[in-house]
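There are structures below to look over.
Each of the next two complexes has chain A plus one other chain: chain B in the first, chain C in the second.
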Partner chain A sequence: MLFIKNTLKAHLSKQVLPVVLLVSTFTISFGVVAETPEEQGLAISKEAKNRDKGWQDNSANMRMVLRNKQGEESVREIVTKTLEVENDGDKALTIFNQPRDVKGTAFLSFSHPVGPDDQWLYLPALKRVKRISSSNKSGPFMGTEFSFEDLSSFEVEKYTYKYIGDETLNGLDNFVVEQYPVDENSGYTRRIVWLDKDEYRIQKTDFYDRKNSLLKTLTFQDYQQYLSKYWRANKAEMINHQTGKSTTLEWTNYAFKTGLQDADFNRNALKRAK
Partner chain B sequence: MLNCSKRLWASSLIFCLTYAETGYTAELEISGKIGVEGRYFVNEPLLQSQLDQTQASLVIEPELYWQSDDGSKSFTFKPFYRKDSQDTARSHGDIRELSYVYASDNGWEMRTGIRKEFWGVTEFQHLVDVINQTDTVEDFDGEDKLGQLMINYSGVYDWGILDVFVLPNFRERTFPGVDGRLRAPIIIDEDNVSYESSKEDEHIDLAIRWSHSVGNIDIGTHWFRGTNREPILHLDVGADGQTPALLQYYQQMEQVGLDAQMIAGDTLWKLETIYRNTNTENHWATQAGFEHTLYGVFDSVVDLGLLMEHSWDSRGEGDENEVTTNFQNDLYVGARLAINDAQSSELLMGIGTDLEHNASSFIFEFTRRVGNSIKVSADIRIIQSSESSDLLYGLKEDDHLQLTMDWYF
Partner chain C sequence: MGSRFFDFINKHPIWVIVTSLLFAFLVASGAQNLVFKGDYRVFFGDENPELIAFESMQNVYSKTDNVAFVVAPKDGNVFSPEHLESLKVLTKASWQIPYSTRVDSVTNFQHTYAEEDDMTVEKLVLSTGNLSDADLAKIKQVAVNEPLLVNKTVSPSGHVSVVNVTVQLPGIDVGLEVPEVAKSAREIKEIYLAQNPDAEVYLSGMVMMNTSFTESALEDSATLVPLMFLIVVVVIGVLLRTIAGTFATVVIIIMSIATTMGVAGWTGFYLTGPSSSAPTMILTLAVADCIHVLTSMFYEMRQGASKEDAIKRSLKVNLQPIFLTSVTTAIGFLSMNFSDSPPFRDLGNLVALGVMLAFVFSVTVFPAMLRVLPIRVKVDDGSKVSNMSKLSDFVVSKRRVLLPTMALAILSTSIFLPQNELDDDFVKYFDETVDFRNAADFMQDNISGMALIEVSVETGESSGINNPKYLQTVADFTDWLRQQPEVDHVNTITDTLMRLNKNMHGDDAAWYKLPDDQALSAQYLLLYEMSLPYGLDLNNQLNVDKSASKISVTLKNITSNEMLYLEDSINKWFANNGRGYNAVVASPSVMFAHIGQRSIYSMLIGTTLALLLISLLLGIALKSWRYGLISLIPNLVPAAVGFGIWGLFYGYVGLGLSVVVGMTLGIVVDDTVHFLSKYLRARREKDLDAIDAVHYAFDNVGRALIVTTFVLAAGFAVLAQSSFALNADMGLLTAMTIVIALVVDFFFLPPLLIWLDKKSGSGQHAKNDSVGDAQVTLTQVK
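Here is the complex of A and B:
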């Protein structure tokens, strides 16, 4: 309910009729008095998560292009399979196809909203399954500008929040929310997230490092709706402001409710993945 | 060796024909690697017959893979061949994999054919890993394995994963030839091999393994009964009736073992232990240690992993007459530096030292990707030993630098 009032307020501020605006703002503001920016931020984030619930499972191909300052490129190709788990974090299987020397390497992750995730890595040359520490949140994923935490599933409990205002971006009205990671292993002091008011899709995220200086910016483009409900971007770009490096992501073959089950996310499935 | 390969090829052919019958028409995926390797030995060889200071070789390992649309059936063929410039025994081929896997909807799998199965958690010794034979001629670190013919049922249950193995064909260990470095001073005869079992290399071995993940612990136990992958080497004469040679004798064994890894914060604790029973002796052996990772050291994205392991064997150290094990009371320390750059540069260093007598080894490995599909690596191995009963003694002149370049396709 808190959140609906916010939306209303936001929408109304666009109204041109001064009288209506005046009256409405007064009423709404009255209702909002008890609501701190922290509560507003939490409400927006909860709504974003709620709108993306119920997809059951999905799979997609992801192509990552790494660029350094000199413009030299390096390519990663992976397949992701994700299973939505009720009352817990998602289960995810990531299979590498490029670069070729790591082809068949697979990563299994059971994420949890609170406490460490369970993670395993399968090395096909040795046929070995290795347990991986999930406290490595801030480390780069495959040499890209994405860290492990950037790619893990969004869970409301992972952050505390503060709503800091509205801003127009990509021609859309956005909520701007600051997120403060709960996990002390996070590489960030905060993230600032722009979510459009119509569909609660992340348009942009700024990442601030442990010294609280701007480290990276992630932008999403080309959102597409699946099953008339779930929005997924076709492209994203992460720019590291401190090193000048960047990584672009492109998703293809997005599929939802493909029938993946719990049995597709265990150590045997990890070994079978190709 | 030749006999063995012939038999393997024959069974492979039958296998291929069997599955060709089923008439799947899905497309085949081809990948693999082609590589060159050069070794430079710092010292002159211990024996005159051994190759001098440089050794070069070529390796090819393609992989054919097919999977049905629903992913429930898959087929893999992975042959391997190395051509060595000096050591004729190291010019060798193998079928690393030729298998068909059926995965049911109910969480069980049937894996048939030639495969590799790895068990274990530790880095410096692989005690519980008993399914595949070691391809010692490929490299002396024991990490390379020969393909093993098997029927493997694997079922996923609430109480863990249950694996049952039937292993109908035994592979003899490979060893460097007369020309080769990194071998025992006395040549190991590959033609005159004997077995405890009257079925020789056709003894059907059996294994059962249960493994499970509970919270932050991965645990596994196994039982194995069959041909011991480690031969007993006894001194005799070679085929010419006069040159001394070590003859291989493969005993039957029964083994139970346990392996566990536990992740606690940034530390991974590892344990492997076995109890092995043969006609001539029973023994216990353990390999245990940890790997602690410091993420983002020096205010960078570089990860530094620190490793330490200890090995213990109830047989203790042998003497000149009875060489037992190289791992009776040894300490290993190592460091792994992951640069986390686009080229996946990685550096690994390790020192192993025998706590009871003077023997130690040092390894250094550096790997890095060049472009999108070439991987280069540089390895330095230094071996020091002054005790002739130590298995490393024969390798004490074999310090070397190894450069490898692999092209992946």
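Here is the complex of A and C:
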């Protein structure tokens, strides 16, 4: 299934799916159901993950438009490069272009399904690479309504699942699956994800905060298929119901299998990242 | 309305009663639509410029409604493993409060530190399992030296700390949302206390204040209204000695209140602290009408008239005076429409409506009830009124002493009027019986005040806040603020940037200064923001395109004057040192600081207008411009003296008291009307001289004035018992003013009348050949 992560992860990271589960996902996709809702939820999630594996690496430009309740707007632009890593979270390199005063700042993260990520930041103004030790992934990313947690790679192990039904959305039949974060530092008690049954693309996600109130809703638009396999949305919108703020993401210049290597994702690479 | 109408009441009392009750019941059913709005924002109209500024600031940054748990360990040490653990638990539990979006405490403070090229961002208190004394000392040292925390989240000595919960109320139904948050906070407090008996917890914050508005009003309606009913029953029962009359009066009062609140419900009013005192006021004012009708009726019956005739005559005599006094009272209350604060406009309109309804009921269903209820009165031998004679003898004989003495007393008390300082400190809107007030006081005594000023400093360009010139300006401003004696705490982005700069240079204290390069600041903030957890971000102090930052200043609970002065100083500071940056100052404290002043100025217009209208009415009613003018003195002096005494003993005025002049004007004018009309009647109709006319006025209305003044003063004195100080002050000052009015009417007006009338020649009354008093004149005018 395509998770938020999936879509975004395409930029920041890449997921690896244990092949073992192929069998069960197959069963699900053919509608043979003899499982508990938890097992079904897990199977759907694994299938989604499975369908999005093997892209090796990718890059894309991402434009973020922030809006507050007063109607003020602000724009951020980043470039993301992601390397698919087997049996672990993806490696991701984020290069900041806009606002101008952070241009050239580069962020490297090795995400892990469980435990804190490894992360480094290159500050051009200081000409230094700093390793950042923090288990916080729930704060806003660059002041947007997306948290780092929302943008990092989807890994099956990060959640437990429950299939809660089917629903038609955007003219498509969808699985509706509840996800419960395993990490206690997560900003959420749960997320509800709508995945279309045809391609396992995330259509919508509702985020519930730590007191289990609806916090945000994320919707994806304009899905496009790359390399005849991988679906990526051109646009996503996150609305914060509690603050009235929102953020729109737009992707351009998707590229897959660009030949990025492990060596492009280390401390030294940070400084020359562009 | 003529006697045919009264005949109808006498002939078909049951019909009148049933129709009126049916009408009252139907209208009153609207009261179920009434909801209470427990929100300080109700005090401000949609057009209020400070509210608009504050709302727009909230939309740019985030809302600042909060609940504060002020936690005091009994051993006076926040930094023990046990207490820190309890704070951790409390912090986590606080996230469960409905609509919470942010929780700040000592334990979850995002501590940043450096080790070579590693930068760590983590909670100040992680696990408390095996904290050594050194660890505890380190935590304390960080906390009490952190400008973000000290004097806001933790006291400098480390004996009290605060867990502050920011809530984002959806505002769909504030009447439900606020109590919901308060209930949850109280439950968490109870659980905390059960688990930590060695600590005290006080609940403060804007939400607790908002909920106190509702709770105070509910408590008032549960205690004050019944108390007032009791007083009415006792007063009428004792003074007029009638069970049926008391019963009928209580029915009239209930009908007046119920229909008024019903109309309020049907027409979309909502209740607020001030407007919830409308029932008590209507109750008080409605009694007077009934007393007049009853007194006259009993007088007639004592003279041997049948009940039927007594009722008829009583109505005939009282209809116009009651109408006139009801209209003047209503005008006084309607003057409150000039207030800048909607709850006071509502209060004025509700009471004005209630007074007019009470008038209608007193001359319709009231006599109808008296007609059917069993009433017996002993025929009087006519040997009473001796007390009044003694009083008038005293006033007349001592008039040469009384006039200058009273004048001097009036002047010497009124002179303290300017002693009143403007003060709308919302903490003091509640008395010490209210939990919120105790919490706010405890917080003020131990850590910080509740008053807040927020200053948005704007650059007008994206990322402008990272400009070193901007940061230096904000840092200078912060330094200046911290030198002000009333400032407890300043939250500013510059502190964070200085700390980050230090962290990025291996925690070298020499680098605790602002970055000198825009890109550097921007990159520090980028790094920092990426490392913060949910709810502890910088969005509450930076706007989306980082063109502006917000400095939050926590202040001691200062008076409105001090607040206005500080606001002015801030604006001046920016004019002189702001390097061209634009500063916008807003906050609930600023809103309250302005509302009192605004309301006083606008009420000056309203009161003047009411005064003109009332004097015009009096002039017409008394058929004399001269006496219309003279009436200004007894009408205005009570308020001047009242505020003078208030200035002497209390010394503050604000939103609540700004409406008192207009309100009391309509009430005290009644005394003047009654006294002057009897005086003039004696002069014109009976051709008496000034001294005899004074005797006549005393004999005729002296007792009624004492009784009504007693009831009115009692009613407003009951209101003065409200735990909601805004209402209590209003009640106390009004009660005082009403009593002063009677004193002026008895001891100052008569000597003045005698003196003026003698001065202008005793023939004055002879020029006026019209017969009849105010009531007759009024009928003619109509």
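Keep in mind that, in the parts below, the second predicted complex is superposed on the first by the 239 of 274 C-alpha atoms of A that agree within 3 Å, B and C clash if a C-alpha of one lies under 4 Å from a C-alpha of the other, contacts with A are read in each partner's own complex, and residues count from 1 in each chain.
The definition used in the following text is that contacts are C-beta pairs under 8 Å (C-beta built on N, C-alpha and C of every residue); 3 or more make two chains touch, one makes a residue touch a chain.
Given the structure is predicted, the values throughout are model-derived calculations rather than measurements.
Partners chain B and chain C, once the complexes are superposed on chain A, run into each other and clash.
In the superposition on chain A, A:224 makes contact with neither chain B nor chain C. In the superposition on chain A, contact is made by A:263 with chain B only, not with chain C. When the shared chain is aligned, chain B and chain C each come close enough to touch A:133. Touch criterion met: A:105 reaches chain C, while chain B stays clear of it.
Set against each other, chain B and chain C differ in how many residues of chain A they touch, and the higher count belongs to C.
In the superposed pair of complexes, A:168 makes contact with neither chain B nor chain C. In the superposition on chain A, contact is made by A:272 with chain B only, not with chain C.
Contact with chain B, but none with chain C, is seen for A:118 once the two complexes are overlaid on the shared chain.
In the superposition on chain A, contact of A:68 is made with both chain B and chain C.
Of all the stretches 24-32, 78-86 or 96-104 given for chain C, the clashing one with respect to chain B is 96-104.
The intersection of chain A residues touching chain B with those touching chain C, taken from the two complexes, comprises 66, 68, 74-75, 99-102, 126, 128-136, 138-140, 142-143, 187.
The part of chain A that touches chain B in the complex is made up of residues 66, 68, 74-75, 98-103, 116, 118, 120, 126-136, 138-140, 142-144, 187, 263, 266-268, 272, 274.
By the touch criterion given at the top, residues 66-70, 72-75, 96, 99-102, 105, 107, 121, 123-126, 128-136, 138-143, 147-148, 185, 187, 209-211, 213, 242-245 of chain A touch chain C in their complex. Within the complex formed with chain A, the chain B residues making contact are 29, 31, 33, 65, 67, 71, 74, 101, 103, 105-107, 109, 116-118, 120-121, 143, 154, 156, 161, 211, 213, 216, 218, 261-263, 265-268, 293, 295-296, 301, 303, 340-344, 369, 372-373, 375, 406, 408-409. Taken together, the chain C residues at the contact with chain A in this complex read 56, 58-60, 62, 95-101, 110, 117-122, 168, 170, 462-463, 466, 504, 515, 517-524, 526-527, 529-539, 542-546.
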